[in-house]
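First the structure, which I've put down as structure tokens, then a few questions once you've had a look.
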Amino acid sequence: MIKVGIVGGTGYTGVELLRILAVHPDVTVSCITSRSEAGVPVADMYPNLRGHFDLAYSEPDPAVLAACDLVFFATPHGVAMSMIPELMAAGVRVVDLSADFRLKDLDVWSQWYGMPHQSPEWVEKAVYGLPELVREEISGAQLVANPGCYPTAILLGFLPLLEQGLADPSRLIADGKSGASGGGRQGKIGMLHGEVGESFKAYGASGHRHLPEIREVLSTASGKATGVTFVPHLVPMVRGIEATLYAELKDPADFDRLQALFEERYRSEPFVDVMPFGSHPETRSVRGANLCRMALHRQEQSNTVIVSSVIDNLVKGAAGQAVQNMNIMFGLKETQGLEAPALLP
Amino acid sequence: MIKVGIVGGTGYTGVELLRILAVHPDVTVSCITSRSEAGVPVADMYPNLRGHFDLAYSEPDPAVLAACDLVFFATPHGVAMSMIPELMAAGVRVVDLSADFRLKDLDVWSQWYGMPHQSPEWVEKAVYGLPELVREEISGAQLVANPGCYPTAILLGFLPLLEQGLADPSRLIADGKSGASGGGRQGKIGMLHGEVGESFKAYGASGHRHLPEIREVLSTASGKATGVTFVPHLVPMVRGIEATLYAELKDPADFDRLQALFEERYRSEPFVDVMPFGSHPETRSVRGANLCRMALHRQEQSNTVIVSSVIDNLVKGAAGQAVQNMNIMFGLKETQGLEAPALLP
Amino acid sequence: MIKVGIVGGTGYTGVELLRILAVHPDVTVSCITSRSEAGVPVADMYPNLRGHFDLAYSEPDPAVLAACDLVFFATPHGVAMSMIPELMAAGVRVVDLSADFRLKDLDVWSQWYGMPHQSPEWVEKAVYGLPELVREEISGAQLVANPGCYPTAILLGFLPLLEQGLADPSRLIADGKSGASGGGRQGKIGMLHGEVGESFKAYGASGHRHLPEIREVLSTASGKATGVTFVPHLVPMVRGIEATLYAELKDPADFDRLQALFEERYRSEPFVDVMPFGSHPETRSVRGANLCRMALHRQEQSNTVIVSSVIDNLVKGAAGQAVQNMNIMFGLKETQGLEAPALLP
Amino acid sequence: MIKVGIVGGTGYTGVELLRILAVHPDVTVSCITSRSEAGVPVADMYPNLRGHFDLAYSEPDPAVLAACDLVFFATPHGVAMSMIPELMAAGVRVVDLSADFRLKDLDVWSQWYGMPHQSPEWVEKAVYGLPELVREEISGAQLVANPGCYPTAILLGFLPLLEQGLADPSRLIADGKSGASGGGRQGKIGMLHGEVGESFKAYGASGHRHLPEIREVLSTASGKATGVTFVPHLVPMVRGIEATLYAELKDPADFDRLQALFEERYRSEPFVDVMPFGSHPETRSVRGANLCRMALHRQEQSNTVIVSSVIDNLVKGAAGQAVQNMNIMFGLKETQGLEAPALLP
């Protein structure tokens, strides 16, 4: 049994980790920390966990965390980077669901997150935890930076095009839409049901923190500087991300082989599903499941390839991908604990 | 492996059965029938099942069904009763999720369902599949009538009071609220998102088919004729039922022992969770899970006990309870395939 | 032109007042106060008001308020009672949308609102602003206590029964359901879209502040102590209240004249609509409109009369009713500014 | 008083016309037709209209329609074109809310609507009813083709850029999102709440009928063939469209004058609101209002200008714009009957 600790378990990502780990046969959750809720049983805060966990939140205790095989960070940015060095030294492996180790470029990181980075040496060693891109590196990593939710949906959709050099890398557009759970579980007025319900809007349209993450990974994967425009939107639903991606084919003749290319790229991937050409993936088709489902489209008189890509922001976009990474890191079956179909309707 | 057939698998109840059975270790689904969709792969209609089932819908074939160990009926009322006698004769066991065998009183059945019953002899033998009430009978039954969704939430909330004779059985009020999936998957204008979204209303307030079902079971369980008023409501959400129950205590002093009584009644039940007195169960706390969660309330200056009871209408209110019944009928662990926590948020 | 001031205009009730007053031909809004947002244009906070108001929030200034013909309080409880005496002395008329002057019984008020009342003398003089009950008193009142949202829907549904003495006043049950805007516009975690969306629950089931208000008004109207059980619920929508009311008829023969009685009671009321017997009012049918729409139901074998009553909690349940009261107080046509149909769908 | 007839009044566009016209001071609705609902009072079908209209649906009668000053068509495509010639001959003016007269290119029309056009001579004479583009022509027109909902939001956002020749017309991308009322009021399974609720998806991504409409109008307005990629999406809400538009500036230096350009372009437009640079318009800020609200964005290292544009699909996207066109055609104040603020929250 893998002994797991969770730092920062009161948010949606934390509870989602518990939901998934509750039925994972190879894992014991030995601690879950929260300064503000120390002493409160997790099942009091999240009644869906009643009967599944006896655990209560505890103050973060370095000794307890150091005794874990794996620690998940489900914290706001800025927390993990201050605790990582000590855990690394203790030989603990970490999957960090926050943004602390996602960018290699420290200047860019500081610019977007508004603080200097406290653990530059581990930025270098951290592996960006998108298994479909760098599975091998993940298996041997001590520190995995779990990708952001939007980047997961967007990267998986763009990668086949850019890896093969088929699309103009300077003109990528990603129009993203997310349910409200992506905004976290803080008492912000803008995220009230009375504000979000029965309405739709763009946000962060002049610049969102996931933009540099998408840009850096795509540039690395394609070997070229990429120009991406990314606009996120807020959907009046709880879970789910859909990203509609637009890329210009260098050679329109390549349209004919795109579907085969995508299918081939992801043929052996258990958590990427390429639907038939012209399909429309729905976010509900991946609700609660660790899956990215996508489909390709072309419009008449156009060189623009359209990819619609959906994930559950809390699963393949966060906790599920973290467990997938854990499975890879510990040599388990990659799908362990992640096999259940999505909840539809 | 139990060989299972599903008759009428295009509706929400049918797909929910497939979702649950996809990860049930002791079951193989050998056929799923639909006259209208014969030949269509289930995963084409329900993309959440892509990768989980190769199965396509087929015309109902008596021989194929007769070769199953268990057949689930997920059909509109009127279908099962015409096919049951032949299956019974073939020794097949059946869990009928429709209303055909829920009422023992055939006159009442005909009055509410607008047709004569075609299989009265099997009405008599059918067992009403509420395991918390008649687990023993279910284990030996050949034909189980799976309870309605509202009745499940309402009966479980009222039973402890009526079994003990604590409440006035003539003045029971059940105010039920259901998500839109309870209305099925037919193209009815009244169930469009444009009609249901961002609105709330009562429906069937002058009489709903679940009323006689609730009345009959409560009368049997309490040994007295019961008077129940039941008003269902439509909630702008997809899944979930909440029922708020009002009963008058004969002796207000009994308030002090109600919580203990409910906890005792359901102590060994894996799928009923009595929350602390004064709690407010949320439908999302049981989303996707085979669970009825309830809590008790009392208001000042009042003899009225209030029970708030929640289920997922498609799980404990339909497909999950059907699988629970199957587990009981085949001597499996009752929780087999039904252990995952609810999807919250 | 009536010169109007609004105290506490940042919440949903405040903005709704502005929305309605924007097209009221006899009113000028001369000030709207908010300590926290002083200096901010209302149209910056509420973009639907762009182009309709140049007004900015201002610190509350007694002199400015004293120069108004009418002041609306759209504040949390406890604010109005501290400012009312001074305004009353200045001859200003007030419609208080908060709970400060709704209860005549000061002990009950203190018990439910957790503080002593600071203006008992004005409690006595305040008129409870339900025009359908006490229109005459409102027209001459200096201080009107605008009813709560639930009480408006519930009182209008019960009144015809209790005024005529047809129902047992000791056994009234009101099952209320409200959209999330009823919870106000504070950054509470429990009201996030991620918490409220796609879920349903009861809240305040052991006692809600609207219970004593309903009880007091019904007792006064019927001339008898009344026993009411009231359970509110949270609906995943923004606007709207539906209340399902249950009352036992003393004489079942009275069922035959109930519909006529309700129609007669509200025949001349511009803002109460009694639908045909057996109808199901939808909250969307009153969205944005100052209207209470209701219908009666009876179930077989039952003495219980069922009333389903709907309002928009922000309009007939708050700001619309406040403007209706203003119209009455200032001798305007009662429907002035309140004629537009509801927004459906 | 303008005597108005409505052909095809049972859908959401028809009821929305009635909602708006109910408080329009210069209009009498003399007939509303529906073959399927002939004889049914409109208020029975749409309870929000109770007390506002005594009118019942009637069979379409050419004589009655010919006696109107103006006829609105709120029909599926294919109906208006068969009735228009007769009405034109009778001197009646028409605002057609369907797609029959929106495209000048008859081949394109036939290709997308799957039938030959029956009234080519009136296609030529019809004026595309976007007042912000061709107000003068509308004022003198006998036949106005009311724009589609997506085109309205998208055209208004692109026009300033293309009229001035600032953007590359061959690389326009419009990512549109609509509430479910845009799908009409037919009993389609795909539009059930159980299908649409709590989910998000693209649809028509390989080609939607609004694409040629957008392309034709933009080409005419810019004097150049334009290449537009348009992907619509379905949002789990009832009303509202948001379109996020992406265009490449030919000269990045033009970014500095874009905001002023947009503000100037729409300065005198009563129904277009250009928000401050970097704002995020919400669909709820125009709910129920005849308004297009938009804002501009720029991301670092990018030549792409982003426009986020919102409308209520049933108002500025349909019935409201139709009434605006009527006001222009009959020399009324353009804002008559369209002044009320949006319903927020």
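The letters A, B, C and D name the chains in turn, as written, and every chain counts its residues from 1.
Keep this in mind: a residue touches a chain if its C-beta (ideal position, glycine included) is under 8 Å from a C-beta of that chain, and two chains touch if they have at least 3 such contacts.
Owing to the predicted nature of the structure, the values given are computational and were not obtained by experimental measurement.
When the partners of chain C are compared with those of chain D, the chains appearing in both lists are A, B. Between the interfaces B-D and A-B, more contacting C-beta pairs are found at A-B. Taking the mean of the C-alpha atoms as each chain's centre, chain B and chain C sit 38 Å apart. Note: centroid distance chain B to chain D, computed from Cα atoms, is 45 Å. Inter-chain spacing, taken between the CA centroids of chain A and chain B, is 36 Å. Across the assembly, chain A contributes 12, 181, 194-195, 197-198, 236-239, 281-282, 284, 287, 345 as residues in contact with two or more other chains.
Because contacts link each chain to all the remaining chains, their graph is best described as complete.
Contact residues on chain C toward chain B in their complex (touch as defined above): 171, 173, 175, 177, 179, 194-195, 197-203, 205-207, 211, 227, 229-231, 233, 235-240, 242, 244, 246, 248, 278, 280-284, 287, 297-302, 304, 306, 308, 310, 345. Taken together, the chain C residues at the contact with chain D in this complex read 12, 15, 18-19, 22-23, 46-52, 181, 197-198, 238-239, 273, 275, 281-282, 284-289, 293, 314, 339-345. Those residues of chain D lying in contact with chain B across their complex are 12, 180-181, 183-189, 191-198, 236-238.
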